[in-house]
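The chains carry the letters A, B, C and D, assigned in the order they are written, with residues numbered from 1 in each.
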Amino acid sequence: MNKVKVGILGATGMVGQRFVQLLGNHPWFQVTEVAASERSAGKSYGESMFGRWKLPTAIPESIGNLVVKECVPGLDCQVVFSALDAEIAGPIEQAFAQAGYVVSSNSRNHRMEPDVPLLIPEVNADHMGMIAFQKRNRGWKGMIVTNPNCSTIHLVIALKPLMQFGLNKVFVTTMQALSGAGYPGVASLDILDNVIPYIGGEEEKMERETLKLLGRLGEGKFVPASITVSAHCTRVNVNDGHTECVSVKLEKKPGIDEIKAAFKAFNPLKGLDLPSAPDHPIVLREENNRPQPKMDRDVEKSMASVVGRIRECPLLGYKFVVLGHNTVRGAAGAAILNAELMKVKGYLN
Amino acid sequence: MNKVKVGILGATGMVGQRFVQLLGNHPWFQVTEVAASERSAGKSYGESMFGRWKLPTAIPESIGNLVVKECVPGLDCQVVFSALDAEIAGPIEQAFAQAGYVVSSNSRNHRMEPDVPLLIPEVNADHMGMIAFQKRNRGWKGMIVTNPNCSTIHLVIALKPLMQFGLNKVFVTTMQALSGAGYPGVASLDILDNVIPYIGGEEEKMERETLKLLGRLGEGKFVPASITVSAHCTRVNVNDGHTECVSVKLEKKPGIDEIKAAFKAFNPLKGLDLPSAPDHPIVLREENNRPQPKMDRDVEKSMASVVGRIRECPLLGYKFVVLGHNTVRGAAGAAILNAELMKVKGYLN
Amino acid sequence: MNKVKVGILGATGMVGQRFVQLLGNHPWFQVTEVAASERSAGKSYGESMFGRWKLPTAIPESIGNLVVKECVPGLDCQVVFSALDAEIAGPIEQAFAQAGYVVSSNSRNHRMEPDVPLLIPEVNADHMGMIAFQKRNRGWKGMIVTNPNCSTIHLVIALKPLMQFGLNKVFVTTMQALSGAGYPGVASLDILDNVIPYIGGEEEKMERETLKLLGRLGEGKFVPASITVSAHCTRVNVNDGHTECVSVKLEKKPGIDEIKAAFKAFNPLKGLDLPSAPDHPIVLREENNRPQPKMDRDVEKSMASVVGRIRECPLLGYKFVVLGHNTVRGAAGAAILNAELMKVKGYLN
Amino acid sequence: MNKVKVGILGATGMVGQRFVQLLGNHPWFQVTEVAASERSAGKSYGESMFGRWKLPTAIPESIGNLVVKECVPGLDCQVVFSALDAEIAGPIEQAFAQAGYVVSSNSRNHRMEPDVPLLIPEVNADHMGMIAFQKRNRGWKGMIVTNPNCSTIHLVIALKPLMQFGLNKVFVTTMQALSGAGYPGVASLDILDNVIPYIGGEEEKMERETLKLLGRLGEGKFVPASITVSAHCTRVNVNDGHTECVSVKLEKKPGIDEIKAAFKAFNPLKGLDLPSAPDHPIVLREENNRPQPKMDRDVEKSMASVVGRIRECPLLGYKFVVLGHNTVRGAAGAAILNAELMKVKGYLN
């Protein structure tokens, strides 16, 4: 099989580096282009990352040798993964879609637009049906698909199997990792021996994206789920892995064992053999002090959401903890999985 | 004025050390006895703490020279502050109360007993009225008064001024500091680059103690408040200072400004001149990323609860963050303030 | 090829867990026995580690199903890897050697004994020649081989290629990781926002073990190297990976480039194809702020020593930094590599 | 006594904030001006620091109300304390000296100039004699005095009492705190679970400044001490407090007890009653695991150097550990103490 040629926009940032790491040896995709906002003309990716590469694994050699390009159409690839800063992502991603590229974006800019799928393959694969409308509306030869915010995605994966029980209220408090803020991101003086109980825009994203993700695709529009979500978001001194304390109201009042069974049974991608899909999108832990970022963020190639401490909540009925890797499943890995789904569904030809 | 003679039970642990630190130069109380569970006969407190003292200030000289005694009645003092482990605190504290001592305890053992005040001077000073019943019931010459759990106390101080608005639902997620687990407590390998989403017994304490504290004193019994509380408790890599994300339902639907005004106006101890009382029990911060443990735990001699981020909650109506020092206001300082209240109310003669 | 049956003594501690992790899928060795000091009769390793397993990878299934035995001869295996505490390791390891087992020990007890090889395959493989004397002296059917202390091993691997330049003085200051202290080890309250400039016995080990390792095997005795070593050892808030700042005196005064070339050329095990041997025992970094624990501890399957910042020293001539993983290359991995060398050298039949 | 009017240049950075904190209630100095590099015209210091103030104590009210000025002469004060970045400090400080101000600078720019005192009052107060030459050479009405680098100062304070024993070789490895890098300084992703074995320019400063500080004032020039210093500098995950492992050669080979006695006896400022001077510039700890940043940085109002672990060194003869606060004694507090010395010596009229 010929591999699909892909490019990475914003390849030098933290999420860009994750794309490089995860795509270095991908069975379906071949990275043929890396692009970044600043000019690095004439420099290879390896050279330009000297002293700036922040992952403990080495830069894949084939990518290290690529010359860094600017983020403008003309790249030799079919798909572009976007790890661009929100300040610049909007018009750049649109220019690529206009020019015929398939854009799989981790940026927030287009997530809530009415004709752009906000996609988690295990949750709302059918939302891809919006693409036909998108291309028509926009007059684009290409398309834009987005993945959710890094804290939203793990919440929503955990909520999806609970929809069958009449989910209608969600309370979530997050303890989010440093890598979610990019690099240099949070100053060490601000977080050592500290908690920062605020992340700009994050609570709003969790409260809105969740409704679109768990909603349904109507006739040319997304119908948001009838759920109320309240989010408190905090930053803690952890490298990778967002921890989320969740309470939910389920109208059908299932037993704790039914909920556990629903989490275990959840595997909508089974049989599709997507290379980045976890064997189990939800991993259940029975120890009373799990999941924990250091112990659980890297299970299933860092692509699972790990759930534990399922118990009763005096207010809403049920409490649990969900945890997942924020720059893999919560960013680069999510966008790659979206592209893999698009491939098997025929959106890449 | 002659100072009241006081002793410290469990003087070698983390909370015991805080008692020693805070009482070293107290205007009303003089530490005449230090006692610990293990035998240290013949050793001074200073000697027995060589290499074990964990606070950055030095041991007060007058206390360092005291000989450590065993935790049995016979100590030369009127009040004993108890920092004993819950495993042994119950019968020891009762023996002291029986023998005529005033016991101000930080241990959890007697907190929920029907004739023992669980006291925060700013919140439920009238609960001291139970002491008469307690002495009669138990046939004690002395008495036991307790202070709440270190995470409960800051929550309840923040909730008290909201009672006027018809508070009836509370959602709280805590991010608790390491010193709350005592010494050696949490292993460094367990918490570096990590969050532990579980603290044994803590959620139950917050859900139950809150109701007693905000309840009223009926005829010889405490009538719990009609409030539902749901707590998620986690441990984070912070030395001191518990951070709590709170959502509340207030039936009277006040404006955000009314709530801020209520927090600012809250000062029930004004005029009593208790030495350990903060000038303002609630400090309000307006920055969107405050309160933070490192920045706010030590305001007002570490005796305030610091509140910030008051905003709307889609589910319950109002959200905010409250933070406070867990071994000062949340433990030793709370027990000392209780004893100060007892002195001005005539319980120490 | 039939795999060699091996057992792990002290399999439940931090180093024991590393042995389990590293041997779970070893091409030459099959773990047939796990033993621990406390009685766990009837329990499988997996059960007995519930809530105690501290590594982010899962327990290998084949080992998780083994029943935990006591640490006495009678185990069904040829080799035992010892991760026992020094308090008990001495007589237990001797009993196993007496009974005919090959003991590859990470414990410090026998390291400095005159007839026990203290072995790093890349450094002093010829020291295995002592085994014949050991068996004769002790009347053992089996044998004991040891690996050095976790901070010594990385220092010595870096020093070995410098011996050709007339190495005779070594100054080293270590910044050692928490996992080196075992579990629960260092209390979080002691190390958060702190450095502990003391590790009991560590400086003495580095100053003495280095001389034996770099010495030569004479007629039935080890002749220590004529080198003076001074060590300062400290504990820092790092999970894994010891960082060491080193100054050396080299009589032949090579150029910096000659030293770099010597580090790069160092590969004494080349061609032996030992499964745990790194492709390059010394990895050289050119960035001025490397090596760093988080970035470099896991290179070469965590089995390399990573060297950087080679520069002039006003006092001794040359300075550099060396870093390596302390529980893999510095403990369990070292003992496994020793056993692999023993296999190819015919000590396991 | 009328207080001396003082200003702070670079008042918004980390060291600038320390100046504000330490001078808020100074018995001799009154802050009448705060200046910063960026324009904040019309804003008070309090306003301009909203969300930027990084110390846990509040901004002193009298300073918070001052209007921030630009860093150009014309300020209403006699002394200016400089916390300016090295990129801009040089010409600005010279302009102030030219215009008649007494400049007490923490910046590195003028430290090694042949007519500028690099001053530690306890170490080389006589170096102030250079001021007469400086004024003549430069034609300045004012003057510039500097304090050393934050890691140099604690080393040199510990070395000074050893000069009597024939000190001639010094080996030092530092583990430096984050606040030494300013704000935002070190990214949290770079230091959590990590050590950075490099601080740009730091080793050179320690190796050179030490010689000037311990040297003597000759006829119009400084004669550097005949000592060789070798420094390794690293960054660790600590808020405040630099830890330094030191080995020294002392020709007169004193006993360990003689060294301890020399440290204890060291108190050259005794009787001068400088407000910021510690009662004991060197505090000696006898525990084998002290000094530690968290426990010892704040002793003596954060103005002491704390020494411990004095023992033999196989290479140079003696080893010890010294620790001190890097932004108080190592920066702002040092410059203030220098100005206090200048006042009692008659340099401020």
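To be clear about the criterion, contacts are C-beta pairs under 8 Å (C-beta built on N, C-alpha and C of every residue); 3 or more make two chains touch, one makes a residue touch a chain.
Computed from a predicted model, the values in this text were never measured in an experiment.
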item	value
Chain of greatest Cα-centre distance to subunit A	D
More contacts between chains, C-D or A-D	C-D
Centre distance in Å when subunit A and subunit C are each reduced to the mean of their C-alpha atoms	40
Separation of subunit A from subunit D, taking each centre as the mean of its C-alpha atoms, in whole Å	48
Inter-chain centre distance, subunit C versus subunit D - centres from mean C-alpha coordinates, in Å	42
Residues within subunit D bordering two or more other chains	54, 192-193, 237-239, 289, 294-295
Residue ranges of subunit D touching subunit A (in the complex, touch as defined)	14, 54, 178-179, 183-193, 237-239
Parts of subunit A lying in touch with subunit C, wherever the complex brings them together	50-51, 54, 56, 58, 192-193, 287, 289, 294-299
For the subunit D and subunit C complex, residues of the former touching the latter	169-171, 173, 175, 192-198, 207, 228-230, 232, 234, 236-239, 243, 245, 247, 288-295, 308-309, 313-316, 319, 321, 323
